[in-house]
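Across the two complexes that follow, chain A remains constant while its partner is chain B and subsequently chain C.
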Partner chain A sequence: MQANAALEYDYSLAKKFTFLTILFGFLGMLVGTIIAAQMAFPELNYLLGEYGTFSRLRPIHTNTVVFGFTVSAIFATWFYVGQRVLKVSMAESRFLMVVGNIQFWLYFVGALLATVSLLFGISSSKEYAQYEWPFDIVVVLVWVLWGFNIMGLIGIRREKALYISVWYYLACFLGIAMLYLFNNMAIPTYFATEGLGSIVHSVSMYSGTNDALVQWWYGHNAVAFGFTVPIVGMIYYFLPKESGQAIYSYKLSLLSFWGLMFVYLWAGSHHLLWSTVPDWMQTMGSAFSIVLILPSWGSAINMLLTMKGEWNQVTENPLIKFMVLASTFYMLSTIEGPIQAIKSVNAIAHFTDWIPGHVHDGVLGWVVFMVMASIFHMAPRMFKREIYSRKLMEMQFWLQTTAVVLYFTSMWIAGITQGMMWRAVDEYGNLMYSFIDTVTVLHPYYAIRALSGVMYLTGFIMFAYNIYKTMTAGRELSEEPQFRTPMA
Partner chain B sequence: MFFHWLEKNPFFFAAGISIVISFAGLLEIVPNFAEAARPVVDLKPRTVLQLAGKNVYKKDNCISCHSQMIRPFKSETDRYGAYSLSGEYVYDRPFLWGSKRTGPDLHRVGNYRTTDWHENHMWDPPAIVPGSIMPAYKHQFTNLADIETAYAEAVTVKNAFNTPYGPEFKGTRAAWEAHKPKVLEEAKRIADDMKNKDIKEAVARGEVPEVVALIAYLNSLK
Partner chain C sequence: MDIRDLQGYGSFFMTIFLVVMLYGYIIHLYRSEKKGERDYEKYGRIALDDEVTSTPVEDKPASKRENEKEKK
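Let's look at the complex of A and B:
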């Protein structure tokens, strides 16, 4: 190939993972909406017999959105962004294409089987790490194959300097690998005896307080390296590309990246404030959570300042609107988290609905918005067609933004109400409320949250429909758009 | 400049990330590991039936809504009993502290709820606690608990982590067959306090419905 000829990128894997992102996103949000409704209307627990209770479905919701939706999106965008910033096409290496396809099928089949296993109650009960050991092995294999692809593509790159997004994908790969391996260390009981009992059952290598520490070191940082790091990697690529603006500050991106790498993992113990974990660890968790505001806001501010002088694009291009909203919600979520990590605030907030509220303004407002924006940007390039409907996109934006606001406001009120009622005492120092009083009072907020789930899911269906119509009925493009995504 | 060099050398870049992200785990988790593995005085590991119950607790994912961690506040000790100690959890694999209290804490539920309360409550929660949003777990009255797996778990933790189970806990089928009557005997003591005829008959047949194991586990939470 001539050195200055335009590269033909191979998007086949990016497309496949995009389909999975939409599929798992729909399933995960559907189950999420169902369980939200169950908390408001408990009769809905009995739709599927023993398989339909809130407790069985909740891990399916979390695992499908984490390991289904988000991980698919990470893979999809990697197989798009990776080639472009490294200036090398996947098609140049048959080996990497084969590895990528094995990764896809193993991941797809593994994710479906793992979901079914949770439905049957095969679960380690460690949050966001519920898969039992056979599925853990599949996860590790998929991850190693992805690692091959990252390293391989980097190995044959033409652009010598790694672009910022690649830093984040690399960190995502390394971080999740380390966390997942250590947290899921377990001994299968079947093989530790003469084949007694169930073959899928295992016991954790850690116990009690130690298990809690390892679990929340994992749990908190699965959020870091799954919901933050790769998503920041996405916005560092897609926002400049879509807006035609250069990143505002290289130094700020350096500070945010290395700061995030160092600080994030310390904060895990803020999930264990007031527990039996030693005091100094709790204090470290609190303190580092506050420090974490710096690198988090560093990235978000870098993104917002990238739009400097070009804010008119927010009104002209709905995709810019999605990304600006995403980084704004990232700022909200990363100031809210540290506030909850202050010990006296945590005493009220912990165990209440304020926590799911916090999680969801992060994931719904930041992660899902950024993923959808990425797919909207990639679709015309991958399918060589214009986005089907700008109008639908605008409607979707407002519907889902309203949904997120309803979600977190209702859960803020619910959480603080519950936290205050648990500790309320009368003039003689006796507890004022029985536990059930603090449950029934939440009914309206649970109902509002269920409504917000329906709205958000509807928005996601509009998104999926828009992408589907883009693929099949969008106006064909003769050449790849440079910056702004064309839309009808 | 150092960072420009680093960004052109992916190997060192990846090595740099790995070093920087390892600090927290090494400095925050490792130092206390041995200390946190020390049990409180007289702590006994759970019986096989209780372990089977814990696995029902895991299977139906009670952790979604119930914590097992009483924090050191007066409002919590008034409601649930003495605050939790690290040494009480050392045989818990995994830990089941939970992160959400849609329902109340259960760490000392064995002190103030009884077998028949649980029996009625698992069958129809709102009938016992009006306004409850907990689903009924009627399937636990017909599904059988996996006591063999629970036994395998006891043997595994004994061999791997020196959890103090007696010398009769061996990983052979013969040892399991020899231990099984003890599990059934304990199950019978639970079933004696229950009203459900089908449960009593099942236990008499040598079967252990899930709810029996679960109640044995909940009663052991003290």
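Let's look at the complex of A and C:
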């Protein structure tokens, strides 16, 4: 680095991870749309032999959106927000740059290979933990490298106080590290069978109910530390920065942080209600799930109150609209989740389409909206150009908002119909419907979901195009905008 | 006392303990601000004024950064 040149933030890693976010976002949602269409029109299962079946594609969808799209976005925003709130440039440490680049390439190649492995059916069959052990090792390495970067940047910072977003990124790092390691403990079947099995395929070190408990302690907290904690970290930076308003209450942000950390870890057993898990543990999962409303709404309300007196910005700045909608969807899904965790409600909701409905009002309305807003905010700073088209952004907003609403309303109706039909009995106690009756009834709702997928994916392509044009054809900016993102 | 009773007492006292911790933390936050020991709200500015050249809201002790410079 030249000693005399004015010190600037180095966005090269943020840019690289932004490209991956868009790439994996597109792939993941494309596959999501395909499997949604397969549920409505089963003939679509047979287009590509074994490689095109729902069972092969579903884990590709979930893993690509979680470990491809969301994790890339976490890295991209960290390499942007981290520098800024710690007031230190990545360019000040050659070591951290090298580590960051190794992390990038290892992650990129690893994620691609892992996706291909799922396509070939190499899977450990635990939800969100399907990657076989060699990929688990790559994941761990990538994570450790990221840890180096977080700690390294914190080590050389100028700003002594760690801004609340940094706490959230740290929690994401620590949380996933712990969860991933414990849940993926496995032994290759080769060693478990005195040479009969395979080296690549493995079996979990836990079995039966214990396996289920560890799995859902993991699965639920993957939602916590992957879809919630880092996204809250993003909104705590990007909303204040974009609107020029400091967080409404910093104290509330601290309180919600500790609340979330403490409560989330105990709620996982709500995935196992009415199962063979001990009763008290199920009740604990329900109780903690309900308590979870408090810290979740604490953060969301803090964000909405940050806009106090500035609501005009929602109409003037589409980026603020994206973020306000994101926090509203966060509130919706964090009230819906606890409702589903009540035992009597769960008796109807479990195994039905209401669950993917709940998942997607969270991920489509909250996670993806917040990630896109973050990228829209970062793009003019990273590429030193104005956002290419505000109009496209507005159109995208309404198209995708409509898509999310179609997705979750159709799945609510489908799920509750399904739940009621499965348990309906006649006066003698005989079941009134067979499984296929429910499938027939649900067809229109599956078709609506497939349509919503097409709409949402189209919106995402509009977003990708807008970012591409911003990079290549946006009006050049002479200086970095301070708050509001400039757009044509 | 059988396991059920123990669980009952355990959960009761655990709840009390957690409530006390939670309110204790809130009181701690507000009290240290009132006494002038801390000003939590100023940290909100870290996100707004975040140029690499801006003055930190809370500077890392000068001595520490000097040490680091010497090492380079």
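Some observations on this one:
What we mean here is this: the second predicted complex is superposed on the first by the 474 of 488 C-alpha atoms of A that agree within 3 Å, B and C clash if a C-alpha of one lies under 4 Å from a C-alpha of the other, contacts with A are read in each partner's own complex, and residues count from 1 in each chain.
As a working rule, a contact is a pair of C-beta atoms (placed from the backbone, for glycine too) under 8 Å apart; a residue touches a chain by one contact, two chains touch by 3 or more.
The structure presented is a predicted model; accordingly, all values stated were derived computationally and were not measured.
Contacts of A:258 after superposition: both chain B and chain C are touched. Of the two partner chains, chain B is the only one touched by A:268; chain C is not. Shared-chain residue A:478: touches no atom of chain B or chain C.
Note on chain A: of its two partners chain C and chain B, the one contacting more of its residues is B. Once the two complexes are overlaid on the shared chain, A:175 sits against chain B while remaining clear of chain C.
In the superposition on chain A, contact of A:241 is made with chain C only, not with chain B. When the two complexes are overlaid on their common chain A, residue A:161 makes contact with chain B and with chain C alike.
In the superposition on chain A, contact is made by A:211 with chain B only, not with chain C.
Touch criterion not met for A:315: it reaches neither chain B nor chain C.
Once both structures are placed on chain A, chain A residues 160-161, 254, 258 are touched by chain B and, in the other complex, by chain C. On chain A, the positions that touch chain B within their shared complex are 38-39, 42, 45-46, 49-50, 53-56, 58-59, 121-127, 151, 154, 160-162, 167, 170-171, 174-175, 178, 182, 187, 189-190, 192-194, 196-198, 201, 203-215, 217, 254, 258, 261-262, 264-266, 268-269, 271, 274-278, 281, 284, 288, 347, 350-352, 355-356, 422-425, 430-431, 435-436, 439-440.
Chain C contributes residues 7, 22, 25-26, 29-30, 33, 40-41, 43-48, 50-54, 56-61, 65, 68 to its touches with chain A in the complex.
Every residue of chain A that touches chain C in the complex is listed here, in rising order: 7-9, 83-85, 87-89, 156-161, 163-165, 236-237, 240-241, 244, 246-247, 249-251, 254-255, 258-259, 280, 483. If you check the complex, the residues on chain B that touch chain A are 3-4, 7-8, 10, 13-14, 17-18, 20-25, 28-29, 32-33, 35-37, 55, 57-65, 67, 69, 71-73, 75-76, 78-79, 84-86, 88-104, 126, 129-137, 139, 143, 146, 148-153, 155-157, 159-161, 171-173, 176.
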